[in-house]
Structures are given as structure tokens and as C-alpha cells.
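All chains are identified by letter, namely A, B, C and D, in their written order; residue positions are counted from 1 within each chain.
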Amino acid sequence: MDGLVIRPTAAAAAARRPDLPPDLRLALACFGPRRPGQGPREECGVFGIYGHPEAARMAYYGLHALQHRGEESAGIAVADGRRLEVVKGMGLVTDVFSEESLGRLLGDRAIGHVRYSTTGASVPANAQPYVVRGRRGSLAIAHNGNFTNARVLRDRLEQEGAIFTTTADTEVLAHLIARHRWEAGGLEAAIARALQEIRGAYALVMLTEEKLIGLRDPHGIRPLALGKLGDAWVLASESCAFDAIGAEFVRETAPGEMVVVEGGRLTSRQALPAAGPSRLCIFEYVYFARPDSNLQGRNVHAARKEMGRQLAREAPAAADLVIGVPDSSVSAATGFAEESGIPYEMGLVKNRYIGRTFIQPRQGLRAQGVRMKHNPLRMVLEGKRVVLVDDSIVRGTTLRHLIGLLREAGAREVHLRIASPPYVNSCHYGIDTADSGSLVARGRSIEAVREYVGADSLHYLSLEGLIRAVGIASPEMGFCHACFTGEYPVPVDEEAGKDALEAAEDG
Amino acid sequence: MDGLVIRPTAAAAAARRPDLPPDLRLALACFGPRRPGQGPREECGVFGIYGHPEAARMAYYGLHALQHRGEESAGIAVADGRRLEVVKGMGLVTDVFSEESLGRLLGDRAIGHVRYSTTGASVPANAQPYVVRGRRGSLAIAHNGNFTNARVLRDRLEQEGAIFTTTADTEVLAHLIARHRWEAGGLEAAIARALQEIRGAYALVMLTEEKLIGLRDPHGIRPLALGKLGDAWVLASESCAFDAIGAEFVRETAPGEMVVVEGGRLTSRQALPAAGPSRLCIFEYVYFARPDSNLQGRNVHAARKEMGRQLAREAPAAADLVIGVPDSSVSAATGFAEESGIPYEMGLVKNRYIGRTFIQPRQGLRAQGVRMKHNPLRMVLEGKRVVLVDDSIVRGTTLRHLIGLLREAGAREVHLRIASPPYVNSCHYGIDTADSGSLVARGRSIEAVREYVGADSLHYLSLEGLIRAVGIASPEMGFCHACFTGEYPVPVDEEAGKDALEAAEDG
Amino acid sequence: MDGLVIRPTAAAAAARRPDLPPDLRLALACFGPRRPGQGPREECGVFGIYGHPEAARMAYYGLHALQHRGEESAGIAVADGRRLEVVKGMGLVTDVFSEESLGRLLGDRAIGHVRYSTTGASVPANAQPYVVRGRRGSLAIAHNGNFTNARVLRDRLEQEGAIFTTTADTEVLAHLIARHRWEAGGLEAAIARALQEIRGAYALVMLTEEKLIGLRDPHGIRPLALGKLGDAWVLASESCAFDAIGAEFVRETAPGEMVVVEGGRLTSRQALPAAGPSRLCIFEYVYFARPDSNLQGRNVHAARKEMGRQLAREAPAAADLVIGVPDSSVSAATGFAEESGIPYEMGLVKNRYIGRTFIQPRQGLRAQGVRMKHNPLRMVLEGKRVVLVDDSIVRGTTLRHLIGLLREAGAREVHLRIASPPYVNSCHYGIDTADSGSLVARGRSIEAVREYVGADSLHYLSLEGLIRAVGIASPEMGFCHACFTGEYPVPVDEEAGKDALEAAEDG
Amino acid sequence: MDGLVIRPTAAAAAARRPDLPPDLRLALACFGPRRPGQGPREECGVFGIYGHPEAARMAYYGLHALQHRGEESAGIAVADGRRLEVVKGMGLVTDVFSEESLGRLLGDRAIGHVRYSTTGASVPANAQPYVVRGRRGSLAIAHNGNFTNARVLRDRLEQEGAIFTTTADTEVLAHLIARHRWEAGGLEAAIARALQEIRGAYALVMLTEEKLIGLRDPHGIRPLALGKLGDAWVLASESCAFDAIGAEFVRETAPGEMVVVEGGRLTSRQALPAAGPSRLCIFEYVYFARPDSNLQGRNVHAARKEMGRQLAREAPAAADLVIGVPDSSVSAATGFAEESGIPYEMGLVKNRYIGRTFIQPRQGLRAQGVRMKHNPLRMVLEGKRVVLVDDSIVRGTTLRHLIGLLREAGAREVHLRIASPPYVNSCHYGIDTADSGSLVARGRSIEAVREYVGADSLHYLSLEGLIRAVGIASPEMGFCHACFTGEYPVPVDEEAGKDALEAAEDG
């Protein structure tokens, strides 16, 4: 986990401005969230609870534990059987909620959401839960994932007279549910029918005045776990949210499964037929999930450490010490160190305080901008041959810069080892890696990437090695690894990038 | 004009809480906006401009001049021919906009809105302009008024699969437009068709990436004027907004008229046939409009002063001095004084600083709470027979209290004169007087009202006197005076109160 | 009272910037507090209470009533016999205090302060009460007025090793008290001795952990009244603060008197010998005080009205109507109207909403900037000969502009009548009229002033007329009218302008 | 470094409230800064720069790098040769400064300060730099450390008539300087004379309109380093601040040395004679300093790692894995692991997002409160014998709780190893460990401490081992280790605790 207390604000935005000089953009990128330019931004985190007297407060703590999955906006909807209220806003969970606003969210059932924009602009209107108000009651939706045919559906809905007030594809789902809600079978049937029209990857948590509903896509690409806290049922993207409130993990929800909690009882149905073996996003293990979360029974830290071990086996290096990029690559780096016998060292020290309002440097950026976030330890590095372990390379700009810093601090050789295969394809299932053109490994040889980032050697973990490291593959349990292989389990609408819906607006 | 710098926040909300003792509620009411408990809250103000390089800034100044029409939320949408952006939020115009946010609203056309909730809760989601985003572009809507058949339409739309995210009836209009937008005739035709389904009173200002559109209901109940600032066209609820930006008044828009500015040119069409003679809300003259505004060519201050004169003729009083309740009744009080020959005096001094965060008294409320807002001048009042002029009586609670204060300050007699007829019917055309049950004059004799407020005598202006005072009645130009007479020009959906849509949510 | 909800922020500051074009500065000035450029800024307001269980809350309401005396910063110190706490900050009373911060100010005795800077920069460090913490306890000081020999004293103190952290002259007093505090007689004696070294005009309210102390300068230039609320004693600059909390006026404090409340009992001593007859600032009646306040037994509104009457006698005009500049000149204008028989009219309508964050116009300023605050009523003015009554002319810029607006709105003649004599000397006793060079009447003939402001005729009220209008002159009760006559009752240190102390810093 | 993005706000404050149940206080303490209840709070960080066109901006970055030394308030004073301005406030560097406020701080010389209160309450008035304004110019003081005779000096100064507006002992220094400033020798001589009266530990950075001055106490207890950035001279508490702005380390300042930069030139003098060998605070190495800082030429991370190694030699444990308390103990833990051959593991995962506005749990606190900050990894811990390494034990409450969590997560044995000797004496030189009564090791046997925290075994590093690990001891270079040994190099005023000055106020 690379959990900066930072939001993708001015710094990150500025880092993408083509009119700025590359050096400046590079430096700015280093202030962005989760090493932008390198790590992809997480998509979203969802949480739900039913049957707790302080449901909103529990959602607050749960979202806080899931904060790394989305630092841009946060929201909680709460219901008490008769009313449904929502509070949401831009910023971290701790920014959006106060004792006062939490105090107003009364009820024993709640859902919550933290968000990075994967579709839709970073504007207040797109904060979730998205709430529809109607005669039959309200429906609040919290969504992690992406609908690959959102644009096509949206076009069709518009032609039929639907109106859209956000650019998030969650609104498409709301429209489809509304269109089926007057048919037989009630809300659950309407949701199931709506999802039959939707392609993509999603974990959904929904709330009405009365019910809590959880749903997972037929491939099981995005995670959604079920837990219990006393008599209350809990849903969360990651198990670390259960730990935060003292809840126990019960099980993962199954691909295509819909769980409904109503009247205190949980029922489950297969809302959509499972689409073959489970296909959990393998990048959750590589980078996204918190190390203390377990996914499909596998601890993320342990899996990462094994990736490092496997990497050491596949691509050993003659070196004096191993360092990881803090914080997300520390697990893999220690695994590499243990397997290789090369000592692990703290070669980079990270400033924990970089916050959302950090004022950017204006000059002498190269030296200052990056060092302000990652300070290399000359005492450790000087004259040494270094293995630098990182979890992945997305754009490569930050790594390139970090390697420069290591050399400035005296590192004699820098051998870069990446604990996952080359990242060559955009994700269309809820992860914002922007267009594939910015992926440094796409269309480039490993040698070219090595040259770009300036390492003395570069090796990636093999896909087989990665899968083995995660260690839970089986006939029923596979992975989505399209970012590495291009094997997309769900067909992708070509136009559907993050801004597809927005681009369409002006069309 | 009774322009408090105050918003209907805690004070006003608390004043309605049934669990509080009546005395406390009374005192709280005195801190609310525009003497709540007495004056009805204004509905909304709209503004539009096309062809000015700083359109958003002009909207800001225009809305600032219209602030008395809505202190709860404010918003501006701006377009430049290609993009449409919106900024809106809770609070006064000066709270919602900063140099920075105004600076981001680039474009030469804009609309703006200030709001009191007449339908829909006082929540951020209901702030306007309401913006719909679609493939054919965006549509921003700013709305002053009320749709009397909103609930019926909403039910029908929901049955057809429409979803609603706000409780404002503006969203009903957006849905209807969307449903007609794919038909022949483009946006203007779609709007006209949508409005054919709608009953009610409205002044609408809309903006797309390219066009500015203004519309007025077929009865002309809510005002909408057209002005010019250099080459730019301007629309506003009241002419004072033109003065604020140095624009010239051109003309009132006509009942049912749609004006469209596009490509720099203004065109006009009769979107809906005018429904008989014009029926401008006569309460705009009595209370709502700023005294420096002209409506249908008649200055509001001059009309109010004439109301006072007429009142003096109809209901003279033997008294030593005339005082008005500041600020809205000063015009009428001076008219009464001039006509009667009784000197006008400043008997009540108002604290101008009561702001939105004013902390309420906790004890000794009766004396302190009200005096903090209106301090009676003992030197003026002691031993005197006083004529107290007010524009209207809605709930009567504040007047009752003020009369008590006058007596405490030594007034020997208090003769209450109201510059309009008894207010006995709820408005369904955009004014929030809540349910008719709270109208003190409804179902009560004038004598009973007099007793309730504690005056020595009480007289109202006759409807004929009021109409004569406004002085612009003609076969073509009538008024809506349903609040006094119950003669509603547009049929009213019985269920349609302010919270009708919200109540429906849980239905 | 001209009670804008505005603070002397960006607008007022910008209005003084020499690098801006005159037109822009003029327009900006019109947004400033209390018509800057014309009206002098009020100095400060003080409040004290002893023996009320909610002392801080009472101070809050009292300061709120005194808000017109200082909109720049506010503060309250509270004590309970053992501890003394203070909360202060920039802004209006309602900005500085929240329920939470008020809730922390526990104790039954408190003092409060609202401030305009008269000496000292507009910075947080200068907010009052000023609190000194020492072994013998704390001392909080709230000060209205000015020490004319502050600079000399400060120099001497510095030479003796004193340090200064603010630029307010209150700190000089604190130092002097500290130097005498170890002498016999305790705090009261130390204060008396300190004040023997000080020249100037002041009303002081002080608080220790145990005592409430009130003090007035030997000439009685600044007002300070004593009141009672149940068993609690109250001190305030103006009686309107008593009305706000339901307290009764007891008496004015006497020149040189020190009142001490301790152990629930009030004692009085003559701390300094009275310096001849009382010399209350006559400008309090002309402009500063709230119309509902009584000073020395004379109601301010009544006095102003009489000024208008007297002015009509001294300088009649052949005109069709009388208008006043809202709000401070309305009393005088109605007096003029009544005496002259010329009807009073509302010729200018003021926007009540101009707040502290108002965003300034950037172009087309002349027309928009001023009209946004004062909108002339064409219907009233057109073709008319107008008497415009104002309380005073300080710089003349706003009046000049208002007269232009009246003419644009059709006024045929504008006869300016000023309800006080020509303002030709700077105040050195706590009123910020800046340097005398900016006083338009200083060194100019009345004809030249008339020409500058663009009136058809101009007459001032005579000093004798003014004194007669106030109507309380006697051998014991005189006035300070140095601003009109240059007869300063207290010798003035030549260097002591507002920024004297600051200028000294760099010396 | 344990760099939380948190400030000692409500959580920390509440954790000390005696009226709360122990469990709640414990949980609250876990949200406080730097594991309050366990780690001592850092005192302050200082920074100075002379000769850089963006001096304030450099100070901002420098303070940001020193943020771990004080999260409570931040301030920057800047000068340009003629004027000196200051901006300061409560909160993190990124909270206090905005682009706008930084933009107003123009000048080529600046000092900055981050603060924990060591003397003086956590109130805005105590934020630094402390600025004195006088005829001879201004003097801004930023202070890290503590004056042990502050109370005696303050009493004496008060008797001489000095007044105090803060409770910080910096004000004592300002008074003493002021008293000597009129003597021969100018400011530098006055400072030297003032410091001759002061006992204690301090690193001071001062700024006048013209000069930058740095000073270190005669024992060299608090660190202060000198660096260079191009032509600009830089002073900072730790070298990591140099790295942040790309400056080069030049040298440590010497005990008793005063460096003055004026006219671009740096001069050095021995302001006070060095008091024997240098006595740098050894706790800087143990806990305070950032791991990437070098103090006296020794890298902090390297020293900590060696402490872990030495600890493994002195107190080996039979265990399966070694874990450290993140973040401050990771260096020592890896050293222990390497030396012992027992694998290092990530047994606790820390939530990086806990911010200043975190809303506290109300129930079920024990489990939730702590886990929300530190989540133990069951996969790592289950069935294992664990060595838990921490840098020190102050109060022991958090460690006690963490050990409980480790056991809950399945740890079979927990062997606690502390990388420093028992912390048994309060620091009087600038570190807030409150009264010695709360130190768990004071007056308790190691066995008793072990029992209290619930470890299976407990061993501390020996003082000799610690000194050897730091590895720079020499006849000239010793340490202050009074917290471990009670050998205070500077006599301590018995009364001087953190609140001594405040307590005195009421005396």
C-alpha cells in the first residue's frame, strides 16, 4: 500500500498539462497520489452495513480503512426503514464528514463509497453514492468498477428520453433499473434485468429505505467480501474494512451473486449466471489492495512477498543490497531480499506529510520536487550495487527519476526488478491507467524501457511466476490479467475510456 | 425590500420545530429571513446574459441585485459555444462564488439563479441551475415558479422509467424536454412541447453550449424582463438587476413568449398561446420585488407608497405618528403618513448585521431575541398613539411580538394598518407560505386577528384599493391575487405543497 | 446608523491604492464600509459584564449591538474568579464566534471588543481584548479611543527595555500598568498611575480573573455607560447594547471615573481628576452612534432629526423633495423635510447584501460599482429639484458620485445640505479620518467643495445649530468638536497618526 | 520517523481527560500524534535562509521536511532589508500556508518554525516565530528547546515591569534582549548578554529586517546545522531540510556559537563559551530525527539499525520473526533481524490516512480504535514467536495494547526489545514527556514493566550499547542522556515543567 494523504489535485492535474516543460511535469507527478506516472490510480471502494445502531459511523470507519482505493470523494447514505439520507463531498473521508454531519445520518443501515474517477470528471456531481428519489422510494448506489458498454447504453437511453446529470456510468445503471422497476419481481428483479444489459466489471452496494443489496459482476473481477459484526451484515471491497470495525470475514461474494439484507435476514441469489471461472483482478494483489487485506483467502502482503521471492528466482542480480519503493513495494522487496540473500535496506525515506494543499516548487524543481517526497540515503547507497524492486511500471517517469536520485546518492549500479509482468494494456474494468499510449512498456522492448528509466538491468516477473506467487489459481479461480496479456474477459467498447462519456457530451 | 443578510438556517428551521416552546419559536422566527412568521419567503430569481466577454461576472452582479429573491443557494452556468460549466452551492451569492471560481467560468453567455426552496428540500442537490448532460449537448435550467401538476407528471414519468435525483420540479421539465428532444424542431420545439404538458407559473432561463433561452408562463404570473448591455442581451426577474450591471431595460417578456439568443441574434416566438390577459403576481408589488425595480413599467416603491396613501384613505386612524416595519413597509408607511398628515417616524431601529451564523439566545428570549433585531425607540414612542404599517400579515407571530415591544416602549395605542388585503390562501405559483392552516387571517375574522396580534385597531387595504394603487390594470393587464381571493388562474394539483414531492418519495 | 454588513477588506484597501485609476478607486470606495471616502470609520466598541452565568454570551449579544462601531475584529475575554480565557479573531462578531467557541468561554464575568484600527495595522495580532499574563494574574484590556502621546511613551518604554508585539497603543497602557503594579495600592492604583502618564481619549473596560474595571478619560470624550441586568453590572459604549440583552441603563460613567466590580459589588472612584466640563465627542451624535442609542440622556435619532430641522431653518432650499443617503442620514433628512414642508422621499435604494467577500467589478466600473450599492429611483427623481441631506462630508468622493447618479436618474437640481459643520480637522481621539489632507473641506471654500461634489447648492449646519440640536449643552456638559473647530481638548502629539507607531518600527 | 499526518487535536486532548474511562483514553491515545502515551512528542524544528530570492518558499519546503518535529503550529517570518513580515497559525505547514499567503511573504531572508508546545499552551498566541516590533526594528525569534530557569527569569522580569502575552519561554528571551539592546555592541551583543542569563538547551534562529542569526546552546544539546544553496546560507534543525531544497550540508554549528549573516556574508563568533564537550541529545538518534538526516556526521537510520544489531547481541531471543512498530522502529527492527538471523516481517500495517479531523469511535473502542491505526497481520503472526522491537517505552499504554493485538492475531510469544535504555527521567531540554510520574519505567523494575505491557520477555538496550551504536562518541563529542541516566548537563529549575509558566499565572 502506498497510502499518501494526498488527493489528485492541482499537482496531479498539472503533471498532465502538455504545455508544461517535461521536467516540471515530472516533478509535479512525484507529488501526485500513489506515485502517479508510475502506479495506476485505484478505482473505488464500497462498503455496506445492515443492522447496526450506528451504521453511518461504521461506514465511516470502513471507508477510512478503504481510503487507499479512492481519495477524491467520499459519501455515505443511511436509511432507517423509512427515510434515506446521503452526505457526500470531495476529499478524504475525514474531510467530508464531521461529527455533526455523521450525527445527522441516523439509521441502522448504510452504504459508503470512496472514489477515484474512472469514468466521469473529478467534480462534486460525480461523488457517490448516487441517489435516485422516486414514488416507490429511494435507491442509493455505490459502485466500484466500469461498464464497458456504458456509452452505447447511454446513447440508447438518451434516444429514449433519459436525461443524465453526471458523467459517471452509475447513472446508466440507475436508468436501466428504473425502466425495469415497474415490471414484476420488484427491485431485485429490476436490478438483475438491468445488469443483464450491462457488460463490465463491478462490485455494487445499494441501499433503499429498507434493503441493503450487494452485487458482483459475473466474472468476479472486482472484489466484494461479506462479513458479520454481531448481528449486523457487512459488505466491503477489502477485508481490512472488517478489521477496522471489528467485524469477522464470512466469505467472498460469488461472481454474479446478489445478496440482499432485509428484515435482518440475508438472502442470496444468482442474479446473473457466473461467466465461467472467477476472474479476480490480479492487480489487486500486485498493487491495489492493502497488505493487511485478504482476497479470496490469500493475504496480500504474503502474496507480494512471494512475488519478490519468485522474482529473485527468475531474475537474480549480483548486488549489495535490495531496496523497495515505499510503501507499496516493500513487501516484494523483502521477499526478493530473503530469497536472494542480499540484505534489504531502507534506501529511500518518504515524507509522510505531503498533503492536498502542498504548494508546488517553482524552480530548481528537479532536485527539490522529488527529494521532497523520496529522500535517498547516501549512507546506505554510496558505492553500492542496488536492486530496486517496484511492483509495476506504468508510465515510468517516477522510476526514471528515482533511479537518477539513487545514482546521485552514490549507487554504483541500479538493477530494477519489477514484481509483475510488463503493463502493456489499459484496464477497462475500473482502473485508471489512462490511454495505453502512455504505458511505457507498450510497444517497447524491455531493453528500451530499461534505457528509458536508466537502470543497469531490468527484469519483470513472469505471468506464471505472478500467478504462482498469488497461489490460489484453480479451475474455478482464475484471474483477469488483461493489463499484462490483453486477454479481456469482457468485451470492451472501443470508445470507452475515462472521458468517453464526457467527450460525448460535446458530440 | 427587506434585505437581511441572513439565510433560512438553524434559526428559521428551529422556529418550525414543534417540540420547542412557543416563546422560543417566536424569538427564533424573528431571526429568520425576512421576518418569517410574517413575510412569505421569496421564491427565486433568475438571470441570463448573452454576448458579454465576462458573462459569469455579469451574472454574479445580476444575482447579487436579485439576492432578496432567494438567499438559500446560488448558481451560475456559463457557456462559450463549445463547453458549458456550472458552479453552484448553498448560501448567498457572495458565499458561493470566489474570484477563483468566477475565474473558471469562462464564456460569453451565462445564466444564474438564486433560490428559496418552494418545492424541494433545502439541500445542495436542489441548487440551480440544474444541468443535464447528453450527447446532443448540455442544458442548464434556472427556474422561478412552480409547476402545479408536477406530481402527476412525475408519477407518469417514473412509470415510464424516468429517474429523479432531486426533489425540485425543475427535473420534471428536464425529463419532458428530453422526451421531445429527438422529435423534429430541435430544442426549442422540445421545450415548447414539454411546457404544453406543464401547468403552473414560471419564468425560465436556460442555457446550452450555444443558446440562451428565456420563457414565461402563459399567464405571465412570474416576471421576466429583457434588457440590453451594449451588444449583449440580458434577462432578469427584476429590472434592478439591469441597473446593477448598467444594462437598459428593453421590455417585459410576454406571457407564453420564448426568446432565444443564438449567434448574437435574439428571436422571439409564442411558445405557448397566452392564456387571456396577463396575470402578474400582485404580491411582487406588495412585498417581493425591490423598491427600485419596475414591473410592467410601474416602480415598486411608488406603487407601495400609493398603497399607503390608499390605505390612509380607506382606514384613517387618529394617531400621533406613523411607523413602518423596516425595511419592507417603509414605502407604504410614508405614503400613509403623507396622505393622513400624521408624521412619519422611525419607531423601530433594525440591526443590519444579523447574519447566517448568529448564535441564538438560550434564555430570557422574549425580551432579547426580538429586540436584538428590532429595537423600539422609546423617545419616539412614549405616550404616543401609533399607526403601525406593514405590507401584509402571513402568520402574525412577529407582528404580535413587535406590537408588544411598542407597548413596552410606551406606545399608548397601536393601530395596525396592512397595505394589502387579508392573506388567506396559499400560493401555488412559487411562493412559500407553507400550508394555509398557518395563515392567521384564514378562517378568522379581522377582529380575531386584531386580538391575536394585540393591536388597538386593525384595517387591511381593499383589493380594489391595492389594484388601484398599483395602477396598471387594464383589459390586457390583470393580476394574480389568489392569495387574497382564491381565484387561481391556473388549476392547482391539490397535493402540490412544497413538500409534496418529498412526501411522495416515501409513498 | 449606516450598518452595512461589510468589513473594510479588499474593497476598502484597494480603494486607497495610489496605483489604481481614480475611477476604479471611487467605485471601490463605494463598496467599503460606511461609505468610506465620505464617512469616517468608527473606532471601537467595548462591553463588560459581571455577575451573569452566561457572561460570554451576553458579551456576544452586546457586541453584536455595537457591531457598527467596529467590523474588523472581535473578541471576548471571560473569567470565573480563577481563570481568564480569551477568544478573538478577524471579522464580524458572528464570524469570530461559534456555539462551540462561545461554549468554551465559561465564567460569570466578561469583556468584549469590536474594532476598527485607529492605531495599529489591520492584522490578527492587533485584535482585542489584549491579554497580559503574569504571576499576579491576567489582565485583559478592551480599548476604545486613542492615546495622543503613545509614541513618546512607547519610545521611552523601549529605551527602558520594554518590548512590543503589536502596533496598537493599548500595549503602551499594559506596559505602564505593569510598571506600577508592584507599587502599593494594587491593580487599581497601578492603572490610575499609568493613566496619569497618558494623554488622549479613551473608554476602557478591563478584566482580571476576579474584577471588572471600567474607565473613562478625564474629558469624557469617548462614551461609556453603566447598566444593570438583574444582579449583573454591565458596561457598554452605547445604550443599544443594554437593550439587546434586556439590561437597564443606570447612568453614564463620569469623566475620569473608574468603576470596579468585584465580589459582586460595584465601587467607583475618581481615578483621574475630571478635566473641566465633560467633552463628549459630538460626532457620536452626527454619525457614529446607533439611532436607538441614548448618549448623555439624549436619543441619537431625535438629535439627528433636530439637526435636520435646524439645517432647514438655517439653509432652506427651493425643492420638490428631500432625500437622505441611507442609512445614516435618513433621520436628518426627515427632520429637514418636516421643518421645510418639502416631502421626504426614498430616492436611493441600498443593496443590503454587500458582504465581505464581494467580488469587485473589473470594467465599466463607474456605472456598475456604485449602482450596485445605491440605486437611484428614476421614478422619484425625474425632473425634480432635490434636497440631498447627508450627515457630513469627509473626503467627498462618494457624495460626488451619488450626485452624479441622481442627475443621471433625472434630478433637475441637487441641493446638498450637510447636517454638521465642515469637517476640516483630523480626529486624534480614536476616529480614523486619516490625514487631514484628504478632508475635502480643509483649505477649501464651501463653494469649492460644492463645485467638487457637483451640487447646485451646498450648505452646512452651523456649529451653534448642531449643539443646539443635540440640546444637552450646559456648563458641565460640553462637547469635543475639534474636527469642526480645531479646538482639541487634549494636546496632540504631532506625529500621532494611525500609522505613527508602525512608521516608527522601521525608524 | 513516525510521521503521522495528524495533529495533537481532539483525540490527543481527549486521551488525557481524567473523566473518560481508561479504555476510551487508551483508544484515543492511539490516534494521537506519534503514538502518544508511548513516544514523546518532538519539541520544535527551526529553519533559516539568507540570500535566496524565494526565501519564504524555501522556508516552506524546509519546514515541510522538518514537520515531524512539530505538527501543532507553523510560521514563517520574511524580511527584505527594510520590512519584516510574519505569517503563522495552528496546524501543519501545508495547512497554515497557501499560495496566496506565501506570495505575500516577499524577501530574500526568512526563518521558519514548526512547533509542539513544550512550554506554553497549545494556543494560537504561542505559535512562532515570535516577533517584537520596536523603533530599532523588528526581531523575529524561532526557538527549539527549553530554558530551565525561565520561571525565575520571568518572575524577575515581571517584578521589573515586564509584561507577558504568551506562556512560551521565548518571550523571556525577547525581554532580556530588549533590556540589553540599548547597550553598546548592538543586537548581537544584546543577544549574547541575554543568553548569559539563560540556562537550558536551545537552537535559535532569529531574523531582523537585515540579519539572519543562528545560535546554539553552550552544551550543543539541540541540533542546528549550517548549509549552503548556491549563494544562500541555510540553517536547519536537521539535514533533511537541506536535502528538501537541494542545499548542501556545510557543518554543524558549534556549542555556544552564534552565526550572523548580513550583507550576504556569514560571520561566526563564540557568543557563549562552550560548556565542556558537546552534549547532543541522544534521543534525537533514538526517536526524533528523520532517518534520512545526518547529525554530527552520523546517519540516523544507520545508527538505529546498529542499535537493533547491538540489541540483538545484548538480548537475543528465541523467535520465529522480528517485527517493528511502524514507522519509527523499522530501522532498529531490521538491524535486530539481520544480527539475529531471525527474519524481519511486516506484522503490523499502519493506516496512513488518520488525519486531524478523524472522528473518534464511541463504542466497541478497544478493538476498533487501535486496529484502525495498526492492523496486525494474522497470516504473518499466527502461531509465531515474535520479537517486537520498539525504539523506546515512555508511558507504555500503546505498546501494551499492540501486544494484545498481536496475541489476538495469533502470536504465540511476544518478546519485546527496546532499542534504548529505560526512559526514567523527564526531559527538561525541550522534549515533552510530561511529568516523570507517567513514565512507566520510572520506579518500576523491568519485570514490572514487562508485566504491565504483557510481553513474554522484555529487554532494553544498555546505555553503552546505545552510545556504541551511535558511534560518534569522543572526548569532544558526548551526549545528553539524562532521560536514561538523570545526569542533566544543565541545572534544572525544579518547577519548570511544561505548564510551569501557566501554573504561575494563577499564582
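One rule holds for everything that comes next: a contact is a pair of C-beta atoms (placed from the backbone, for glycine too) under 8 Å apart; a residue touches a chain by one contact, two chains touch by 3 or more.
Since the model is a prediction, treat every value here as computed from it, not as a measurement.
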{"item": "Set of chains adjacent to chain A and to chain D", "value": "none"}
{"item": "Interface sides of chain B and chain C: same vs different residues, half threshold", "value": "same"}
{"item": "For chain B placed onto chain D, the superposition rotation in degrees, Cα atoms, nearest 5", "value": "180"}
{"item": "Length of the line joining the C-alpha centres of chain A and chain C, rounded to whole Å", "value": "59"}
{"item": "Chain centre separation in whole Å, for chain C relative to chain B (CA means)", "value": "36"}
{"item": "For chain A paired with chain B, centre-to-centre distance based on mean C-alpha positions, whole Å", "value": "47"}
{"item": "Interface hub residues of chain C, defined as touching at least two other chains", "value": "none"}
{"item": "Category of the chain touch graph - line, ring, star, complete, other", "value": "ring"}
{"item": "Sites on chain C touched by chain D in the complex", "value": "82-83, 130-138, 154-155, 158-167, 174-175, 178-182, 209, 504-507"}
{"item": "Residue numbers on chain C that touch chain B, as the complex places them", "value": "1, 3-5, 54, 57, 60-61, 64-65, 67-68, 92-95, 97-99, 102, 240, 243-246, 290-292, 294, 299, 301-302, 327, 330-331, 334, 338, 343-346, 349, 351-359, 361-364, 367-368, 371-372, 375-380"}
